[in-house]
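Next come two complexes built around chain A: one with chain B, the other with chain C.
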Partner chain A sequence: MNFRIDLPTKLALVLLLWICAFAVSWEAQVVLVLLIIMSRFAVPDFKPQSRRSARAFTRFLIYSFAVATFVLILNSLLIRGGSTFGSIGGFSLYQDGLFFGIRTASRLLLLTFAILVFFISTPLKDLIRYLQARGLSNSFALILLLTLHFLDQLPARIHQIFLAQQARGAPVDAGFISRSRALFSILSPLVLSSIVESIDRGTALELRGFLHRPTSTEESQSSPGQRNVLTLLILFLSLIVVLYTIAQWLLG
Partner chain B sequence: MAARIDILSLSLRYSDTALPALDSVSLEIPQGGCVGIVGPTGSGKSTLLHTLSGILGKHHPEVVVSGQLCIGSDTFQGIPREVLFPTVGLVLQDPFIQISGVRDTVTEELRFTLENLDAAGQGSDQLIQTMLSSLGIEHLADRAPTTLSGGETQRVALASILISNPSVLLLDEPVTALDATAQNRLRSILKSLRGRTTVLLTDSQIDFPMSVCDTIVVLDRGRIEACAKPAELLLTGKLLTNVGGSEHWSSLVTPLNQPSSRRPGPLNRIRKALGLP
Partner chain C sequence: MLKYIRERFAEELTGPALPFVAFCIALNLTAGQITAALKIPLYLDSIGTILVAVLVGPWSAVLCGSTANILASAFGNPAMMFFIPVVAVIGAFTGYVAKLGWFRKWYLVGLGGILQGVLAAIVSAPISAYLFSGVMMSGTDFLVLYFRSLGNTLMDSVLYQGLASDPVDKLVSYAIVFLLVRNLPLRLLSRLHGAVNLRTPDRAQ
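Showing the complex of A and B:
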């Protein structure tokens, strides 16, 4: 029996956090989000695997709070209930909208941060190996690899296309409306080039024998006595949360 | 061990109505030989390589094929419909695509190939070190593959295929975007493979293949227009074709015994025929 944060534990933790995103109150969700952010710095097993992962986390932290603020303001403006607590540009902000926005934003943050911390702290090869040992076919592993690679390269690719379109005279540095219009001229090359590169990359992996990769037998041969108790505890806790939520719903 | 390649009247078109991508291509590549295929863009060079690797047959089951292909002891009526790795290793034109993207170092990148072959056990570290040394990239062992230059990435991509010890090595335009130093290095590597691996490389420029290959094949619109040893191509203008072993003159090359006033340089004639500046 052992207590350690290995890959199955992290996956179980992501499952628990995702369940909590729909089962617990927004106050608890906010606390969980803060705990996740703190764990990235405090818990060695959740630290980023590389400098690039660390930078991605920081960037995502900034963007996600910007999005959360936007969600709060939007909901406060559009859901008109309760008393007003302020105004923006002559438009009133309502309490009901604010609380709805807080619930929505906290849920979004919890869902995304749970996944983000998992991916920045887990080497991709370990994840693929683990999933393949659990029965994931090589074809699905290939799709997962290509998808994650696409997401990883997306910011750099967008930047490249922005520069190329700017060289053609697209108003990428102009006002919001002009940039929104310019976005359409970026979407098409972005999607097409990403599809083409994904196909080529998938071909390259096939040409290196990836689809005939044997399943690793190391993880699949773990005996019950060596199972991680922490993983089992987290899965048990997830079940308790689900049953509690269902019971609450049934009992009104 | 190197494998012989025999292509017999291979024709391929992507659909019934499309123009042939390969048109009655017949070629014999001896075991351990090095053949360069040159031709303009769209002549069928990459199609031929992708056909030999099996990737085209697998991803395009609808292609209309006739002819026969033999690679080593394997005979295919038409074309192979499965990827033939590790017997046939293909290095793609863009080496950055060939990097897996899931490994943090060059050493791990090579180990990725061995894992795919279930050969990453004991002795793999030594094998990887030997491969890195033979390609002159041992100093890149701990570097991230995504941070390398074009020439370095090309060599890592080549190493990732060579480590599987293929009988046939296919290189799709390997010197695109390589500087002169990197080209020289690749030239040395290919010469070191002579006899051990059968090499087939493509290029739209004739310079590199002429300096490294035993035989040059000129491909245009899916058809073999010329096939000769580099020296014969330049000095005698006499071509040897492998189609039934017959010999004939080619309109692409003017023999040196013609009066110089009517004879343009042979390289210029080849360049003109290939549509090169």
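Showing the complex of A and C:
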């Protein structure tokens, strides 16, 4: 028995938070969002695994709160009902719209921050390894790993093609129609080179017999080790929240 | 059922298709860089899925779109995770119409793009309305609020917004993929499972 925050525990936590996004009041959702944000700084297991992840979190934090403010103001302006509580530029703000906006924003923030904290604190290669141990086929694992490779390569390749087209006089800075045409002069070589590279890589995979290799049973049958009590507790709590919500709904 | 799905994947995902699907997932996530550099107001976030649907097949396209959305969530756009059913429908529908040979004629591509847009709007509306109350953190939120201010229900407003923007977006994406695959040598494309969908009497090689 152990109480570590490992990958299955984080997945269970995402599940619990998603259930809470629909089952608990907006006040509780706001508290949960604040707890998630604090955990990113305070809990070592939820800290970003790379500088890129840390940047993505900060960017999303600023962006999401700007969007939440925007949602509150626009809903207060456009959904008319209840009493007014203020005005912006001569337009009245309505209470019904404000509460609808608060409920929407708190649910949106909880759903998105739950999944964001999971991904920034979990290296994708660890997730792929975990899924492989749970029976993900070698082909899918290879696709995921190759995607990460292409994601590293593509921006530089796009930039290279863009500069080459610019150098040979493609209208990348001209009017809208010319720029739309230039889109093809960038996409065509990009797709063509990717197909050629895919054929090379695919031939190499076929020659090495990758596609006919059975899924590794060594890893998929590996023992999950000690049961993580924390994961079980979170799953149990999720079940209780679901049952409580159903009971409340049935009792009116 | 599981055996059937595995067989379809095995049929489509032959040697070169594996790296190509991976490339298209990455293309879905980075195509925005090209449009941003060219200052074109398009997302093109499903162009990779459509390419896979046409050149590899529907099952791989569903995989491509779903994986792209999961990775988009991982890279800072967590709401994308909930729209996996929409990209799954885009992949499956495009793969199906490509199999019917619609990517051989420009007018069928146009029709397919519009139908795809309507279908995407219908599938995404309940997700957008019930999960996010119509707020998708994008410019189209203004349209939803506009329709709401006219007195429509939330579900109707989200659906109208989808029907107003999705067919145009998908029509453009279909047209781009059509022009792309048309200009690529069929001899090269024939290494991929779906290239048979593009073969016409005047384009045998």
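Note that the second predicted complex is superposed on the first by the 163 of 252 C-alpha atoms of A that agree within 3 Å, B and C clash if a C-alpha of one lies under 4 Å from a C-alpha of the other, contacts with A are read in each partner's own complex, and residues count from 1 in each chain.
Operating definition for what follows: contacts are C-beta pairs under 8 Å (C-beta built on N, C-alpha and C of every residue); 3 or more make two chains touch, one makes a residue touch a chain.
Nothing here was measured: the structure is a model prediction, and the numbers come from that model.
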* To do: Figure out whether A:197 sits in contact with chain B (first) or chain C (second), or with both, or with neither.
  => both
* Which holds for A:245: it touches chain B only (first), chain C only (second), both, or neither? -> neither
* Touch check for A:92: first (chain B), second (chain C), both, or neither? -> neither
* Would you sort A:160 into first (chain B), second (chain C), both or neither based on which partner it touches? => neither
* Touching A:67, do we find chain B (first), chain C (second), both, or neither? -> second
* Who touches more of chain A, chain B or chain C? -> C
* **Contacts of A:188 with chain B and chain C, given as first, second, both or neither** => second
* For A:205, select first, second, both or neither according to whether it touches chain B, chain C, the two together, or no partner. => both
* **Which of chain B and chain C A:128 touches, first, second, both or neither** => first
* Asked: Regarding the shared-chain residue A:84, is it in contact with chain B (first), chain C (second), both, or neither?
  -> neither
* **Shared contact residues on chain A - chain B and chain C** => 124, 149, 197, 201, 203, 205-206, 211
* Of all residues in chain C, which touch chain A in the complex? -> 9, 13-23, 25-27, 29-30, 33-35, 37-40, 51, 63, 67, 71, 73-79, 81-82, 131-135, 137, 141, 145-146, 148-149, 176, 179-180, 183-184, 188-189, 191-192
* **Parts of chain B lying in touch with chain A, wherever the complex brings them together** => 53, 55, 58-59, 83, 85-86, 89-90, 92, 94, 97-98, 100-104, 108, 112-113, 115-118, 160-161, 164
* Structure fact -> Per the touch rule above, chain A residues touching chain C in the complex are 56-57, 59-60, 63-64, 67, 70-71, 74-75, 78-79, 100, 103-105, 107-108, 111-116, 119, 124, 139-140, 142-144, 146-147, 149-151, 154-155, 158, 162, 172, 176, 179-180, 182-184, 186-188, 190-192, 194-199, 201-203, 205-206, 211
* To do: Provide the residue numbers of chain A that touch chain B in the complex, in ascending order.
  => 49-50, 123-125, 128, 145, 149, 152, 197, 200-201, 203-214
